[in-house]
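This report concerns only the one structure given below.
Here the chain labels run A, B and C in written order, and each chain numbers its own residues starting at 1.
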Amino acid sequence: MIKLLKNRQIALSLIILGGLIFMAIFAGFLAPYDYTEKNLQNRLQPPSSHHLFGTDNLGRDILTMVMYGSRASLLVGFVVVSISLAIGVTLGVLAGYYGGWLDEIIMRLTDSFLAFPSMFLALAITAFLGQGMENMMLALVAVEWTVFARVARGSTLDVKTKGYVRASRWIGASNAYVMVKHVLPNIISPVLIMASLGIGNVILAAAGLSFLGLGVQPSTPEWGAMLNAGRTYFTTAPWLMLFPGLFIMITVLAFNYFGDGLRDALDQKMKNIELEGRF
Amino acid sequence: MLKADNLHYVYTSGLIKIVKKTAVCGVDIEFCPGETVAIVGESGCGKSTLAKMLVQQLVPVSGEVFFNGMKLTGMSWKNRRKFMGKIQLIPQNPADVVDPRWTVERSVAEPFVICGVFSKEEISANVDALFAEVGLSVEHKTRYPHELSGGELQRVVIARALALKPELLVCDEATSMLDVSVQAFIVMMLKEIQIKRDLSLVFITHDLEAAKAVSDRVLVMYAGEIVEEGTDVFDRPLHPYTRALLDAARYMSLEVVVPEEIGELPDGFSGCPYYRLCRERTDACKKPQKLRDVSGRLVRCWKSK
Amino acid sequence: MSDVLLKVSDVSVTIPTEQGTVHAVDDATFSINKREVFSLIGESGSGKSILGQAIMRLLPPNAMFSGKVELEGMEISALSEKEMQKVRGKTVASIAQNPYLAMNPGIRVGTQVAEPMQAHLGISKEDAKSRTCRALKYFDIIPPEVREREYPFQYSGGMLQRAMVAMGTAADPELIIADEPTKGVDVLKKRNIAAIFQKVASDGCAFLLITHDVGFARAMSDRIAVNYCGQIIEIAEKEPFFKEPLHPYSQALLGAVPERGMHPIPGPSPSMIEVPEGCRFHPRCPHKTDRCLTNPPVVEINGRFVRCWMYA
């Protein structure tokens, strides 16, 4: 674990992510204003010492809204990815481990989900279920779980043929035991990499859906919704879109950067194990 | 103790054009308690497939395996479970059978955990005893497989195999990847454990000298069949193939053998599988050969007297 | 002097790693004569492969090299990488362990065999082709005109092994370095490799066989060097060596082979990072005395070299 932190990519992205998470949790203490506080006299103020990021069309402080907005984005990211991971890994491991008709069914299911453009699918689901944060998350889970199912299945197929899996079956271990004790720990690193990349994707997609007005209630601050609200004032007050957009970018970049770093580090670790195994 | 009757195995591969390759063809073997048997042959002669069928890791296409009179083939997994620890396989590559993410201690403890009848203290005491038995020190316990040398890892695998008090250990080329001194150590250790625990050992190897040094009885396999079996096979080889193997092992008559030139046996050929390569072949070899008893030796060649 | 083909003097190689510095080769000195088969035997991890790589100048980039390697009187350890490329494959060739990994699966075998000729002999494509066919035929890859145009996957394992030797010998090298040619190979294939090598050796090519297979070394070589923990501890002609090994490690190693009763060598293999003080074998040696804690001298006895205090 400490070795992972030695990787510069991981360390840098962890610092940024740590900052973002800290900001989201302590938004109530850190934010200079209340996000519901409207001040129509101060509307569309450019960034200044009073309002670092400026104010919006209702006179709300953008910095405050960005801070509170990170709550929604990160929450959506973590929740969606956790649920998708649980569903996807379970189905993927089952499909890969048992093979046969179970594999066929699960994989054809993921294929049919993947056959739609993901944004379109999410759009269709939210449109069908109605607007709202929960429905948006549901839609994103429906898109996201296939990624984990595929990765988990692929890795399981590989791990399944390994001698230690067969060896533990031959001393009488049950299938469930083997899946939990041997298969899961050995497929977890590619899954974790996909998860950290996935959070970035989900945040982006959530912002996109909110931008289209299908995400959170307009009253709650959210980066995508802020972008949407700022759209009309783009030419006169660009900071309305600039700052939420910038934070979406930083967050997604940090998660992707973290995922890439994790992949490099874990690959390197696996390579070392293989190399040392040769002597 | 372990008895196999008329084992056959056929590998099937290919999706469109199905290719069938017979790996083991009508093998009968019997092992007695406390005995050491060596099975020798070139790579691809079916000796590993045979080993896997003996330890129930492969289901034979036809034929039966009996353990102490119990028929193992065709038994359900649940019923077979209690016999699983009794016949154990030591593979060629020990790194293959230990989980790379587990400490070796956990790997050795796994059989006890799966068995489910031991308490934590019993398991830890048993594991300590096993580590001592294979000559590994306490400091090895918390290491990961990649931190151990090949010889040490092989000892971990042996310790694990010994956990459920096996009666038969099948070593499939277990020492052929190791250096001579380590090989000697492992083989001597296995022999000691054999005496202490009254085990039967099966060494599957292509190293004829090692086979000769350790075994009471030798079986020579060629093309999925046993071609010769006896206690003094290497002192007095009767089958032409055994003689060719021995010559090769002693680097005698060094000339390049080009199997491609000799070609495959024609389809449907039912005679001696060694026919094409045999220097002593005659037309009579085109007839199927049976294992014959020649003064206490089983030989699959009509010529041997 | 004119007989000496390869002269290795005081070669040391250290490789820094995360765990510490690996003393892979320490003070290696030996020479190989023309037309001689010289075996370097030792256990895996004793640094013998690194020594082979050091001679070919194919060490890992972080390895530290010191010493001198002379090939036909030319100091190849001082050559630039560009000049070394002219030597590699021409005067000294190496034969890899695994033919499946050594041959490029996407290139015709004939093209691969012809490659060293075209690179080093400066001959035309047609010439190279006919020479390739001759080489393939020489190693019983028939019919060469057809086989030459095939890809590695169409070859059987034994054929590929022979094609690889054909590739190594294509530019008529003076010396072939073969690293573990018999690792993981069964008796019949081992015999075949021995037969091919002997065929090449009888044409006047010298060999440096790096192997842990004592039987193979015995069948093939004229002289034997024993490597232990990065050091060459004994060099001797084959016959006297197998009759009466001098160094205690050589004795223990020969005692461990199945023909001589499989007596294991007591004690664990030494670490290559924290090498034992003095004689590197002393912690496992049955004849150790106090002087073994200081570096033993290399003693010459009847043309044999042994690094042990017992003979000083």
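Worth pointing out:
One rule holds in what follows: contacts are C-beta pairs under 8 Å (C-beta built on N, C-alpha and C of every residue); 3 or more make two chains touch, one makes a residue touch a chain.
Quick caveat, the model's predicted, so the values are computed rather than measured.
In terms of which chains touch, the assembly is arranged as an unbranched chain of neighbours. Comparing chain pairs A-B and B-C by the number of C-beta pairs in contact, the larger count belongs to B-C. If you average the Cα atoms of subunit A and of subunit B, the two centres end up 51 Å apart. In terms of their C-alpha centroids, the spacing between subunit B and subunit C amounts to 32 Å. In subunit B, the residues that touch at least two other chains are 149. Touching two or more other chains at once are residues 279 of subunit A. Multi-chain contact residues of subunit C (touching two or more other chains) are listed as 44-45.
Subunit C meets subunit B in the complex at residues 43-45, 139-140, 142, 156, 158-159, 162, 184, 186-192, 194-196, 198-199, 212, 214-216, 219-220, 252-253, 256-259, 261-265, 269.
For subunit A in complex with subunit B, the residues that touch the partner chain are 162-164, 166-168, 170-173, 177, 182, 185-186, 272-274, 276-277, 279.
Interface of subunit B with subunit C (complex): residues 42-43, 149-150, 176-177, 179-185, 187-188, 206-210, 212-214, 244-245, 247-249, 251, 254-261. The residues of subunit B lying in touch with subunit A in their complex are 55-57, 81-82, 84-85, 89, 91, 93, 95-101, 107, 110-111, 114-115, 145-147, 149, 160, 163-164.
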